[in-house]
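The following blocks contain the structures, represented as structure tokens.
Each of the two complexes below includes subunit A, the first together with subunit B, the second together with subunit C.
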Partner chain A sequence: MNILKRELRAGLKPFLLWMIAVFTFVFIGIIKFGGINTGGADLSKLLASFPRILLAMLGMAGVDVNTLLGYTAVLFYYVLICAAIYSVYLGAAAVTRESVDKTYEFIFTKPRTRGFILGMKLLAGWLYLLLFCVFSFLFSVWSIGLLRVAEDVTAQVLLFSLSLFLIGSLFIALSACLSALSARAEKGALRGNLAFLYAFILGSVSDMLDNAGALRVISPLRYFPASEIIGGRLHGGYIALTALLTAAFLLIAFSRFYKRDLT
Partner chain B sequence: MNIYLFELKSQLKSFLIWTASLIAVYLVFMTGMFDVLMESKDAFEKAVAGFPPAFSAAFGLHLDKLFTFGGFYAFVFTYIALVGAIMAVSLSVAVFSREKRSKCGDFLLTKPVGRGTVYLSKLLAVLTLLAAANVLFILVSAISCSGSAAAGTELGRVVWAAAALFFTQLVFMGVGIAYAVFAGKVRAVSGVATAFGFGGFILSALRRLLEKEAVRFIAPLDYFSTAAVFETGGYEAKYAVTAAAVTVICLMLSYIRFTGSDAPAL
Partner chain C sequence: MSAVIETKKLTKYYGKARGIIDVDLTVNEGEIFGFIGPNGAGKSTTIRALLNLIYKTSGEARIFGLDCEKDKVKILEDVGYLPGEVFYYDNMRAIDLLRYSASFYKKDCTRKIEELADILQLDLNKKIEDMSLGNKKKVGIIQGLLHSPRLIILDEPTSGLDPLMQKTFFDLIRRENARGATVLFSSHILSEVQRICDRVAIIRDGRIVKTQKISELKQDAYKRVSFTVKPDGGKPAGISVEGAQNVEVQGDTVSFIFKGDVNALLRALCGYPLANIDIAEPALEEIFMHYYAN
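What follows is the complex of A and B.
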């Protein structure tokens, strides 16, 4: 419990900074929704005639940005990018913060096993990710409420936030695993960030294709595409895959953390 | 000089990887993807022909120019600049936070050189690396645009457009140095670089969505618009001035801090 409290305190400042950034982005983005909604159905038709590559690069593949839902979906893709980068940080920090600060000797003299310590650190990270998603949800619903539109999109925003949490969890576990496998702390963070970059590139590429097919399995940022969420569901198979991968990465992280040299 | 050479040497590997990625991203977009896009040109123009002209500027896209070399360049520049921004932040944070990360600031300060010299050597090292990367990048752009895709584009404008990357990187270098100097602790360079790079990317996306010119002042990836280069042959003055101001202020503040702060007791 002491470790958890300490970790929560240590993570508070970065969390607040991320939350301020996400809040500003979501708030400004949604409040200005009216600005884009001038052309009625015509703009949708125009966008539909765009080559897929262009839409993908605008982050608008597979959604109709002229509707409130589609627009929110585009905004949430950027929130997802933030969530993934934050999660990479959370996972890497849980494993390597003490070794960067050279305080491992201190914490390992405590009457707790390494597994317990790592577990508490990861739990703190997960709590912050959970808060990140809950607040993103609340900000969005509140901002959309200010628009005074009749449309009720709360259910979809909830699904978007849920997908943030799922993909974020995957990145926490992946980044913790990569950090535990790397001898040097700096390398671990680097690999985590590279993993995110690959996911971003793969996500963009699979957006450019009309049918991503097997590519979807290896592009985590696209496990829960906006088109499915707008349809009101998260793909069950991909929820299972995310959970499975998260568990596998955690397993490797823990088993490796027990044997790790302290440098 | 020793500090300068040391920093150059220790950043060499990361410099090579980043320069290669920059050029690869450029070639993928401007030769590979551009050709694919040109194939759909006729169909697209037919579809768009029926729309009123007001739409042609939707999302900051100039549809009439999109299927030209310059128009597409301006469109994908955000992505190229994203890579460039991550590179610039990662190099400058790595160089300027080295002593913070390895906790040897006191060691460096025992050397018989002033702090100002240390700062300038480090700055010069980062500038050298960025300049070298951009010379290569400009060369590749100039050579590749002589191919069929860019036929008819003025070479001078291609060079200026490619140079926009350098200026964008300078802004991010300034921000990165300021972060490295002012942050209490720098645990991982890669995390900082990713966060800053994608921060800029998201701000640019916000600008596209909002279509508000004012947002551009806070979207550093859009300070140097390649669209303007291909139209007028130069950058837009007010954003170039903003960029210069941001860079100079960051460098000045970090110089003051770097030369005047207490050396950490370790």
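What follows is the complex of A and C.
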């Protein structure tokens, strides 16, 4: 518990900064929807004139932003990007922070196994990810409430938040795994960020295709697309795939971390 | 006397680079054991392998009779470690770090922390990031000793400490030793090893060159001899006696390092019209250089 407490304390400041950013983004974004909705402008027609690649990169491909749900889906796509980047940071920090800060000779000469120490660090990361998702949900529901619309989208916002947690978990594990596999601690976060970039590009490519097919399997940012969440469901197969990949990456991370020289 | 630390042919390679090779080390219970060698000789590598921060390539490493890799947690409950360079969490005050450190052990360390801070004159309420190198080192010393470990491993412990504080530190280590703690003291400063250790192992290029009692090490070593001949005795050309090395002639004075039969040395010296002679106990540094000379 002592390690968990210290990790939570150490991670509080970055978490609060992320939360301020997400809150500001969600709040302003939702309030803007009020202007779009009442202004009479058909944003969909405007967006239809955009190249599909641009829409894919903006997370707007195949989404009707004139509806509250479609608009919220686009906002949540950006929150998902934030969650993925934050998760990469959490996973890499759990594995490499002590080496980068050169404090490893302190913590790893205490009577605890490496696995226990890494486990506590990752648990702290997961708790912050969970809080990230809970607060994103609460900010969104509260902001949407300010619009005073009759439509109840709480269930879908909950599914969006759940998808944040699932994808965030995958990125924590992937980043921890890549960091543990890196010979040099400083490169851990870099590899995690490259993995995110790869996922973003693949996701955009996947959106450009009418039928992504197998491409979706290797595009984690598209495991839970807006169209499915708006329809009220998260794909069970992709939940299982996410859980499986998360477990596999964690297994590699723990196994590699246990065997590596700490320098 | 049982061995607290025991390594047999302990070897560590970093890829193809040499770390340590076939290190055999035995540190007995209750002794202060010096481990000397220059930077890069393999002292820290040996210590890190003992603490399981790095994995050995081959050989055996045991502490308290337990395997350093398999029984790491059990071993570390009774080990205090002070690394050569101390790095701690910057946002913490010294007292927060020490409480955090103490939380890993199944004992109340509050009194020991206060006592050690008092001896070392350390302000525990100061943030670590605002501390000088010397004060950070003091935090390191306290965190290494606060749980009254059975084995204390010190890697270059005095760097950053002023001479007065070094004396306090040595007194502290002697006190811990008197309490029953075994100490492994790694250093490249020979005078401090000479000051506190019972036995010493000399490491060179990753291999243990010699393990000896400090007293034996000095006896077994070379003598530094210097003599001056009388002005009317002519210019000396040097000295010819078995065991003389590094002979230097400067005017009337001949200096050399000698290891061999002292009777033969005295007979050879009797052949000169001596004005002065100095046969000195070599400094540990000189003994040390002997082991490092190719």
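The working rule: the second predicted complex is superposed on the first by the 243 of 263 C-alpha atoms of A that agree within 3 Å, B and C clash if a C-alpha of one lies under 4 Å from a C-alpha of the other, contacts with A are read in each partner's own complex, and residues count from 1 in each chain.
The definition used in the following text is that a contact is a pair of C-beta atoms (placed from the backbone, for glycine too) under 8 Å apart; a residue touches a chain by one contact, two chains touch by 3 or more.
Everything quoted here is computed from the prediction, not taken from an experiment.
Asker: Kindly classify A:262 by the partners it touches after superposition: subunit B alone (first), subunit C alone (second), both, or neither?
Answerer: So A:262 only meets subunit C here.
Asker: Based on the superposed arrangement, let me know which partner A:233 touches: subunit B (first), subunit C (second), both, or neither?
Answerer: In the superposed model, A:233 contacts neither subunit B nor subunit C.
Asker: Contacts for A:105 in the overlay, against subunit B (first) and subunit C (second): which applies, first, second, both or neither?
Answerer: Touch partner of A:105: subunit C, not subunit B.
Asker: If you count the residues of subunit A that each partner touches, which comes out higher, subunit B or subunit C?
Answerer: Touching more of subunit A: B.
Asker: Name the contact category of A:58: first (subunit B only), second (subunit C only), both, or neither.
Answerer: So A:58 only meets subunit B here.
Asker: Give me the intersection of subunit A's contacts with subunit B and its contacts with subunit C, in residue numbers.
Answerer: 101-102
Asker: Inside the complex, what are the residues of subunit A that reach subunit C?
Answerer: 2, 6, 10, 101-106, 108-113, 259, 261-263
Asker: Along subunit A, where are the residues that touch subunit B in the complex?
Answerer: Contacts found on subunit A: 21, 25, 28-29, 32, 35-36, 39, 42-43, 45-47, 49-51, 53-54, 57-59, 71, 74-75, 78, 81-82, 85, 88-89, 92-93, 96-97, 100-102, 185-186, 189-190, 192-194, 196-197.
Asker: What residues of subunit C sit close enough to touch subunit A in their complex?
Answerer: Of all residues in subunit C, those touching subunit A are 14, 51, 53-55, 72-77, 79, 81, 83, 85, 87-89, 91, 100-101, 103-105, 143.
Asker: Where on subunit B does subunit A make contact in their complex?
Answerer: 33, 36-37, 40, 44, 47-48, 51-52, 54-55, 58-59, 61, 66, 75-76, 79, 101, 103, 185, 187-191, 193-195, 198-199, 201-202, 205-206, 208-212
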